[in-house]
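Every chain is named by a letter (A, B, C and D) in the order it is written, and numbering of its residues begins at 1.
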Amino acid sequence: MSGNSFGKLFSVSTFGESHGVAIGCVIDGCPPGLPLSEADIQPELDRRKPGTSRHVTQRQEPDRVEILSGVYQGVTTGTPIALLIRNEDQRSKDYGNIAESFRPGHADYTYWHKYGVRDPRGGGRSSARLTAPIVGAAAIAKKWLLQQYGTVFKGCMSQLGEIGIPFESYEHVPNNPFFAATADAALIARMESYMDDLRRDGDSIGARIDVIAQNVPVGLGQPIYDKLDADIAYAMMGINAVKGVEIGAGFQSVSQRGSEHGDELTPQGFVGNNAGGVLGGISTGQDITVSIAIKPTSSIRTPRRSIDKDGNPVMVETFGRHDPCVGIRATPIAEAMLALVLMDHALMHRAQCGDVQVATPDIARAK
Amino acid sequence: MSGNSFGKLFSVSTFGESHGVAIGCVIDGCPPGLPLSEADIQPELDRRKPGTSRHVTQRQEPDRVEILSGVYQGVTTGTPIALLIRNEDQRSKDYGNIAESFRPGHADYTYWHKYGVRDPRGGGRSSARLTAPIVGAAAIAKKWLLQQYGTVFKGCMSQLGEIGIPFESYEHVPNNPFFAATADAALIARMESYMDDLRRDGDSIGARIDVIAQNVPVGLGQPIYDKLDADIAYAMMGINAVKGVEIGAGFQSVSQRGSEHGDELTPQGFVGNNAGGVLGGISTGQDITVSIAIKPTSSIRTPRRSIDKDGNPVMVETFGRHDPCVGIRATPIAEAMLALVLMDHALMHRAQCGDVQVATPDIARAK
Amino acid sequence: MSGNSFGKLFSVSTFGESHGVAIGCVIDGCPPGLPLSEADIQPELDRRKPGTSRHVTQRQEPDRVEILSGVYQGVTTGTPIALLIRNEDQRSKDYGNIAESFRPGHADYTYWHKYGVRDPRGGGRSSARLTAPIVGAAAIAKKWLLQQYGTVFKGCMSQLGEIGIPFESYEHVPNNPFFAATADAALIARMESYMDDLRRDGDSIGARIDVIAQNVPVGLGQPIYDKLDADIAYAMMGINAVKGVEIGAGFQSVSQRGSEHGDELTPQGFVGNNAGGVLGGISTGQDITVSIAIKPTSSIRTPRRSIDKDGNPVMVETFGRHDPCVGIRATPIAEAMLALVLMDHALMHRAQCGDVQVATPDIARAK
Amino acid sequence: MSGNSFGKLFSVSTFGESHGVAIGCVIDGCPPGLPLSEADIQPELDRRKPGTSRHVTQRQEPDRVEILSGVYQGVTTGTPIALLIRNEDQRSKDYGNIAESFRPGHADYTYWHKYGVRDPRGGGRSSARLTAPIVGAAAIAKKWLLQQYGTVFKGCMSQLGEIGIPFESYEHVPNNPFFAATADAALIARMESYMDDLRRDGDSIGARIDVIAQNVPVGLGQPIYDKLDADIAYAMMGINAVKGVEIGAGFQSVSQRGSEHGDELTPQGFVGNNAGGVLGGISTGQDITVSIAIKPTSSIRTPRRSIDKDGNPVMVETFGRHDPCVGIRATPIAEAMLALVLMDHALMHRAQCGDVQVATPDIARAK
């Protein structure tokens, strides 16, 4: 209730700071009887962990997860599941120089004014590192949703700065460092040199990420306020550096006519998906399609104007190890948030309406 | 908790359907001692009510609000405030013909599959009419926020279908039927004929709405999950027909560099507002700037393919009284949602950190 | 979340004051498809309404309930159900004399210090009149629980002041003005004269109420904090004037040995019910047995010492119409609270664990 | 929200099982700027830890607490505080023999039916061991409440089985193994031999515990449902083995007259405290006085009738290490729960009404 818990019935309460002792979370509400071990969670954490290519932060963190509770003899017991990840590669000295001033585009300024105290080491609580526990929790949700409904989650980067990335197939995503759904080697090479130039310039860039959920039960979502799409927007905008969220046709809807936007229905299913799988805040059973805008990393080497705690003008340069494009590692995080929202709504729906229905055919499904 | 309440500490629980007996809400958590009467609420309801121009639904609803509780001798007592609005102009016969089939782009299909029963009269619970109680509740939040911090809320339509609407000044908003922040008579005339053509064609169109909050205290928002911008995204995406939400630079952030996006600070304040007034999920004290995409109305006269409850193909034409552009009346609704989010976070902040601070100068403020 | 809502998944938000325009509630989370009309709710309200005998307040309130939403063609739709009860017999002049001072044993003092403002008419929000909406909401929960699991709720007064009331059978409860489970005419007559003496003396008295739920599914309750018995204690202590709550053996457990208290199990079921139907916070499927202590009415004609708002000593006599024993009307209220707790936990259990199980045999069941 | 979190604004989410890897909690909502280290928490944990006398379980657990987050340079940052306690003295073989059958009076039966799976080691999640994290979290609440308002918490055992323990002074509590507020050596000796006899008989006994909070601000509590006393009842009944809760006069209220029960007021303060410091669900500023009934330990060596998972009759004897009177260690736990309730309500009150007021004089205060 105080902000650091996600979800109502599959509730994830996280803790930790970038350079503290450890990070982790407590997952409350997981259904009993789900086979679960660290081996189900670690692969998801590995997808988002740092140091996997030269285009992301070089911080070396194994992000090894430990299950502390809620699992007995290999299955969930229905009691809280605690996940613990020890921080191992802290270099707090890297941050000493910005403890007294506010980095432009960072949470330094707001934390200081809100709390009157802040942990400047690696951005403290505001670090993207805190997405690790949520990815771990989502691995459990993904497993349950797959087992119950066959629901799967996929995502890719569709734009890197000015570079658009045409969608070919999700199968290509693991084969390049950008989570790009393309096999176009020339395009990947262009993105690599683009990133190399940025790092050389001490600058950063934004990105657009698309995620979808497939085989979603129909009927998930509450009609008003806790709409499925409203909770998805909440979840996505809550990811570090996200500045925009679209469902289905998103901002294209502005210039569409009703006769174009409204997805027609046939006995075989919906013939389009401008709705993005949600109508009136409730899932249609089609693919849930979401797109998010991620701002460029605020921590850059380029000197920038700012002020210190006393309001005096200062120039700030941020050294240390940063992702020149936080969007690169955002794909598994966005998938995770989407999974947590669907998990919570699946349980909420089951509470009020009993067991949920199977998915509805979607003629216009992404491959 | 079951979806129909908005807010945690300034909590608004709404009820009602488009053609039921009445609609309304219970507001729990309003601070005591606020002078309040129906006269504070009615003007906000009048801004969104139907029938104010030929470009919106012709349903005639006075939307007269009655305060049932929580106010004694003209001031709030700290106990729940109930607002009641009787429905007066129901014409359910208009909807009989769609009770057995699903209108493309509508919640008919999802409600039916979720609940196994639905109220088809005017869209029942999914009708935009249900934004009236929230606008009423927000009028109370706006009054308290203005009194406490001087916070004000403004909004306008910035795009109608393909027609962009350059921003001049909010003072022009009340002077045209589109909530456009312009005095350009030729542009307004063009929009009028554009809407007339749409109605003649039995079609509808989308719109983009911008809203801002000014004089916002610094420090509102919880660092993770219940971020101020996450809750704003949740609130905005929860408005009927919204398909996209942007904070600050929004999707423009994708192609921005860090050296461009991150708003620099000087002793006089921030020199830009790409952040939209939120950093790390917490308000900076700058203007909160939000932009939303609203899809075209799904209820159109143009015949469309669909299916009935038994899965048989049918053609659907929607008669009755509808807004050919639901975006036209969305501006006061978006302002209301933004006000409710800030109100809730103001109380949440006060709980954890005590009284909030005054706003921070914003050199790049909208006029 | 701000205190005036009861329940998480079957959530009841109430509003209103004793002498305001109206009282009522919004029920969020009711499963769809339940046949429902005012005729299902009114009888429960009639059981608790005032003026039914000379031993309760003579205020004449029909407590006629109106369903404003959430029901279509005679069945619940799954959307919020709003109940409205207009106040009809207000005599606020009766209370003018205590607006400036604090009645001993009343909420006057605490409301004033908490809010800095209070509605003194009939106790405002702190009036027992506010139990009417909760009884109305519980009528819906009772109907659903009966239909789903055959669960029934019964209650009786087991002590009136010094007078113990031996339990014979619940069938006698409707046949006397005290909700006593006895057919002992001499005992009833003694209670009548006891109450007549109290009224003559301008004094009041306490009471003990017992309530049970039968045919309760096994498995309801969360292991820690939101235990079934913890939520029952919360619900019961929340009833006006309640000062003590017992589950099962209650305070007798203090002097029991483990070999006596722990209910043994046989293939035929439990052989005792010291547990009161709850073990480890989870229902056993036995009868849930609860007992509560209700303090004497604070509003009495006997002059008492107090202070006014400025701290000056005053003598307070309370005229107006009051129950000389608030316990008399407490039985249906306690049943209602128990029903709401079980309803909420039934939905919570269904969310996490799927459909609940049938009841377990209870050899030692109350008749 | 799924049951394992306590509190709304000072929210404590616990995890762990008696014989798992570790137990702990995440505390969300702690105000920033509070000086805090393990040294503030460990003493409270030491008061409740096992093995401190021959009258409690001989399990040897240092219950060493580690703060994993939320504290930087010795002060709280306003972000979540995670507490971790490793389990060290597990002897799961002690419990193997009861894995297939249900111990009378235990949660074995209900967990099995609720979840279809349970961790039988030491009672798993239902073990009183899980009160350790809550005691740790409450140590933080106690420190904040003391610093803000001077609030202090005290408790003692007032009855052990049939043995009543007259109250002398709280200063005697640390000087005997029973948390008895007496210096009567003969009485202590009698209690010691009473317990020795019970252990010899392989039986157990119940107890009554009294706790109070002093220097409580006036105005804490929400008028309906989330009343201060309702939340206290919820918190107390949630403690393992508690079967009854009283506030103030408790069950004595049943036979009291209004002219006796209602606490009169003078310019010097209240002249009595039958209310137990709560009127209309809101604190009066007097001492909050609470009494709880604790049932005898269910785990005893005396053979008892039960059934196995297949419903076959079995005899159950529980060996292993158990408290022959769980009430002995309950005093610090009850204090902790009371502190958490007051902390949560202090923040809730601050949210709605701003900073709270100082305590009101209480002429009839316990020493």
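To be clear about the criterion, a contact is a pair of C-beta atoms (placed from the backbone, for glycine too) under 8 Å apart; a residue touches a chain by one contact, two chains touch by 3 or more.
These figures come from a predicted structure and were not determined experimentally.
Novice: Taking each chain's centre as the mean of its Cα atoms, which chain lies farthest from chain C?
Specialist: The most distant chain relative to chain C turns out to be A.
Novice: With respect to inter-chain C-beta contacts, which pair, A-B or B-C, contains the greater number?
Specialist: Per the contact counts, A-B leads.
Novice: On a C-alpha centroid basis, what's the spacing between chain B and chain D, in Å?
Specialist: Using C-alpha averages as centres, the distance is 46 Å.
Novice: Roughly how many whole angstrom separate the Cα centroids of chain A and chain B?
Specialist: Here the centre of chain B sits 26 Å away from the centre of chain A.
Novice: What whole-Å value do you get for the distance between chain B and chain C if each is reduced to the mean of its CA atoms?
Specialist: Their C-alpha centroids are separated by 39 Å.
Novice: Which chain C residues reach two or more other chains?
Specialist: Within chain C, residues 1-5, 8-9, 14, 29, 32, 78-79, 114-116, 125, 223, 348, 352-353 contact more than one other chain.
Novice: Would you tell me which residues of chain B are touching chain C in their complex?
Specialist: Residue positions touching the partner: 1-5, 7-11, 13-17, 20-26, 28-29, 32-33, 66-70, 72, 75, 77-82, 84, 114-119, 121, 124-125.
Novice: Under the definition above, what is the set of chain D residues touching chain B in their complex?
Specialist: The contact residues of chain D facing chain B are 1, 9, 29-32, 78-79, 223, 347-348, 350-355.
Novice: Using the touch definition up top, name the residues of chain B that touch chain A in the complex.
Specialist: 1-6, 8, 14, 102-107, 109-111, 113-116, 125-126, 130, 159, 161-162, 198, 203-208, 218-227, 229-238, 243-267, 271, 274-276, 278-285, 293-300, 302, 304-307, 311-313, 348-349, 352-353, 357, 360
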